[in-house]
């Protein structure tokens, strides 16, 4: 949709990989499992999808623009036999999307063929591209992934595992990578563990995925998370783990719990739904007020809203209804369709909010424009008061580790104080969760997280 | 999706119409408003979409297979200038879908051109087709709509209003119709008011829509429901109403409130969300049991589940997560992906249900196969007990008034008693809402509804 | 192509039909044979294509916009089993092309289902539509075909054969029709035999086609032409012929020989290639002049140019080369691409024409704009003289019998005399074949032809 | 088409480039001119098409599978503003076609961005890939083009012109390349001049193209051929020429004149149509025989057949008609459609060949299967004798310089002698042109050509 229906941060990518040790030559089980794994990770990226499969000698790739279910068909899967597969989904931005940037990236180098999918963002890409270009590298895209590929080729005299460690020394930033060579499936994660990556098992075969919901969907059992800085290699001898880089202190992205990940996933030991509900309760402790009902901005605000209602004792109501059928066509609305951009997706339930004092819970605010429209809609629907509660602190600092950064200057909380924002969106009151309150929910050291978008503590220095 | 993700009744259609009294010759406002109106009614039909526009002399049509946002583009809307528009969305079945059956149907007859969109189902189609064929009519599709068109042509010596009344005398069944001639917008509804149809106003112009959520989306104000048996005609002189047939007693489809309509719509005076929540409370009064949590089968079961939790005092949890990215590609899953059909769309939140006694609320059960898989998933996720509660009575009788009838023999409640169904789905207990309980929720005479699918009381006799 | 690459008359349609007496229930032989028959008739229409197949109980249809090879795929053919098939290709105009106008038209009426494909044009359509509308008919398209269908339905109390004769009495104009009921294949031709229709046989089964080249392509043997006014019916009892209307005197379209038909076809006893070559010889006898080479405007002018060269003794050269890869995209050419519209398709062979006196032979001239550009190109390429010779008389009168009539006022010969045209196109001399010369080529009475476009003698009066 | 309609050698590619010195920033003239240039070169490759445009700072690319007119639309051209453009069309094979292999290849390296299109084939690719891989290069495709790109990057410390000369020293084989950097248009040709490349001028701007027909189509004036081993660089200072490698002796591909190039092109001073016609005359001198008519296998055999008729005095007739509407759909023909693969495309004109002794002229024979079917068709059509004459010598040796090499073992002349071939195709006599006769036509030294496919004299040694 051309106009903004979602005033949300955008996740970069999702990755999936599988190694079938006993797959027949012509089996497409690896590709099909990867298809469904990507399907479950679709919320992490809707711009493009791709699957690469190794049959032991060769790697076949199919990728395209669009949803997993649009890019793949039975005919295409039938052309992807093999025992190892990696898949990738990529996010959708408003800018020009290009197929050349879709992943996995397949390339051949001295040691053979590789397919590589990357979730995250490097912070020293320009420096690395320049260094590599001086040595004669050519680049056909603008992705970090191509930089990683060229680094591997630089170290092609080394064993793959050693080359990977050397490349990890060179690159800085957030990366959860799955790759397949002709005969190995490899997964590795940056030393801070910023983006998630987990290991599963199905019928004695290993699976890698960004989130556990993908393991559930394909019927795999969760084994463990990949550790920060860890490299896992799966081949005919089984799985082995190398601690590529030591983890100084991990820095798991806290926004995965707030908004990005699917609620039924468990990441680095913490269930997302449980975390969101707990954040709603904490938010109520910090900022409950006299009201008749608690409503959520669906779908992502619902867990926190339920927690808020539970803690505050104020009943939860479905005050906003969501239209599930969203397409990409943009037809210019007529003059008289006020607030159409929001109303296409959300519509107030008048009978639920009319004459009521409403507490509206959302998970986060980025630009504030959507919140403003929703508050206005609720008032038009007859709400006597609208109190907005946000289940995360103000997002003040840009993210350099894999979240859509095209909107840095659009972070309303970087430009206004809370009272200014309240005034802008037209709410009767506005409270964000405190940073301390957020950390308190997790019962863990706050250094365990990257919360740079809230507190400006960037675990990895950024030059670019 | 080829395998059944949704074990639900299927709604037939949604209709929308608008008359812009002062629209410039080349304005596409009527078409654009209709586009967004259909967008809001998309839940009523996803098979095909169409818009027909009259510019005063001529009627242009565009229709196609797929979602509204797939069928229309800015280029297509630009080719649809005019002041009166009618639109239609049609449901998706597993059988052959054909463009020839898509609506609106545009035809010319003695008095000029007409575009007609129909929601509902006639019960004496065969008799009418035979009668018309004997008089020399030809039929190019298998739709009821073509029968209505040929009846209008039979009465072409009459004024349009009189022809409509005569046609309403001939046809029996459920019909909410919007049509446009070259210079009039017309809406009419069967004498029982089985399917919904309402009137709105935007900037002094009249709008017709299946549900009020479409009025909200386009920014129109709700005026009133079209009465059973009423014909409304909008032209340059304004709106006038004709009571085409008297309403013996109305018989509004109760399933609109249970499942079909959007929760933010208000139909014939009753808000859908409020009704569902009240049904959940009634269900709790009838059948609450000792349990730790109440969960819903999202999305349609959530209102009732919240009502159940409220009445029973048992906390509501999000125990099942829904994947929002569903496409139409069917890739054969591998052997090891058990229950894939359901898991693609729903996944249990293990941390929420593990070790818990769970009450699972759904709005209805059709074949029971999906319920069986969900119960099984919940048990595998560690639920110690699963008590299923259904916020409607058993659906025992087929519908002849516009609901997908291809599954009459697939109604599990027509073949088994409640204990048999409980055993089939593997729940620890199962309760449906009582028929009396259902009616009690509405505070209205039970003859006000058509509840034939529950009690077999068909308001209109069925011959075909 | 949006700009005019072809300054030619446009043929309306091609039809094909087959009855397989012993086809198995699930055989797609009828559909496949029809596919290839239409493929061979593609020159008669490139706008849309359709095939309808009867399996004895039912008629299935597939049609779409585009070439036969674009509209049909193996999957679609697989859905068209049955023993009787009819197919249709329709021409491409610059105006709005609509699927609703594509053929065959499939309809049901009192006696069952019919699929009907029509080549030609009726001249009393409006009168018939009005008459039928008064009786209550509705029309969903603007085609003559739907008028024929409604007439058949009017006479549905009669046997099909009688109904056809009655309909033939009502309709006036050019029509070569193939139709299939559930169990009969029927072909009929107007009493003047304006458009072609022939009968073939393959493996004991009957085939109907617009031209013999379609028989050749599918491997069928030519049996005979359908006579003017004749109805042939093929069913389980074999083939029988009815003289529906007597032929006052036939009036075969002479333009089929000049331009429309494929050179390898033989129509009503005359081979098209032989006729064109003879016309070239006659043209030389009438208008040869001192020159160095004879060239043709490929491809349709080549047969006549070879005849001209043969008769005149002046050598034939390939002076213009044709680009075979023409698509439909229109990219605005830059300022400096002069004459691009023609040069995209035709380019002079400089070495062949430089310094030469050139006789350029074309089959006909419609608007003259393309001829003008070609003459100019040849002069720029160094031709010292360009003498244009046209292998048909000036086209002065519009056609009402099935040829694209959107350009009546664009017939240059209706607006200028030959000297005016010569001046307009910039040729050093210009000669059209004489009307007498044209008839002399065929060794037949000139009343045997419809040559109305040349001499204004319309065999059927035109009211509309 | 899946079955072989064309039993012909396949050309590899066509290239086009333009530098507009005074183009406005937002002008799409360069892209549009390139579109039409590729359009005229479409016969050189129908698999994929691409255009890359430099706006001075940046290079934008669009490429896709299919014909030029399918890959580009006005919307796409509008997104390609800039002053320098290069374009490429690639051939169609029966194997897997992949977008990753489509050209131009766009890459960035130390000195900026480059877009590169290549016609020809290198013979030491594997050696170069290995050498480059050892130095750390990665390859994302299997094209020679990527090898050239990586070589340029190796020499990125040098000026572009020097890097090009060094790369030309490394690569061996046939190459005619156009490339654009951010501010220069470059063309270069291998030292034997195997594939064509010429220079044109339009409105003071330079154009590069594979054939002169592309210059004609866009309205450009032919300036000269690029010399073997020459590099031309066009930038804001104008055009300069560097003799990159000296030409030991040129070796222009003789098959360009026999079959590949368009007849209206003039390559390295020789007009293609004139050459073909002269070959037909020479063929007649070598092998004329008593016959009634000369016919050609259209379209490529026609020039030679006309020459044959002229020299022999035997009249030329159009004995075979070609269906111009060929698509890509494959519908399985029925049992009774004999020879369908050929008949879809070619049909004998029975009246022309019946009872005649026929000389059938074709430009070349590859596998002989099509010739066999055509001879058979002509005999069935009543030809009393069929004498086949081939306007080139037997093709005995595979080509390694850019012609489709997937059929090396399918060269019938490599497996049988002429009598064996005659027997296989069923002709009454068969004569190929002699190698000496072929050279005699050109009035030039035979070392001026590469005629390796006929005589095995490979100008460049082949290791791979």
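When the chains are written out, they are named A, B, C and D in that same order, and each has its own residue count from 1.
Note that in this section a contact is a pair of C-beta atoms (placed from the backbone, for glycine too) under 8 Å apart; a residue touches a chain by one contact, two chains touch by 3 or more.
It should be emphasised that the depicted structure is a prediction, and the values quoted were computed from it without experimental measurement.
**Student:** Which other chains touch subunit B while also touching subunit C?
**Tutor:** none
**Student:** If you average the CA coordinates per chain, which chain's centre is most distant from that of subunit A?
**Tutor:** C
**Student:** So how far apart, in whole Å, are subunit B and subunit D when each is placed at the average of its C-alpha atoms?
**Tutor:** 60
**Student:** In angstrom, rounded to a whole number, how far apart do the mean CA points of subunit A and subunit B lie?
**Tutor:** Distance between chain centres: 35 Å.
**Student:** Please work out the Cα centroid separation of subunit A and subunit D, and write it as a whole number of Å.
**Tutor:** 48
**Student:** In subunit A, which residues are in touch with two or more of the other chains?
**Tutor:** none
**Student:** All pairs of touching chains, please: list them by chain label.
**Tutor:** A-B, A-D, B-C, C-D
**Student:** Note which residues of subunit B are touching subunit A in the complex, please.
**Tutor:** Touching subunit A from subunit B are residues 29, 32-33, 35-36, 39-40, 42-43, 46, 67-70, 72-74, 77, 202-203, 213, 216-219, 262-264, 266, 271, 273-274, 277, 299, 302-303, 306, 310, 315-318, 321, 323-334, 336-340, 343-344, 347-352.
**Student:** Inside the complex, what are the residues of subunit A that reach subunit D?
**Tutor:** 61, 99-100, 105-110, 133-140, 149-150, 152-154, 156
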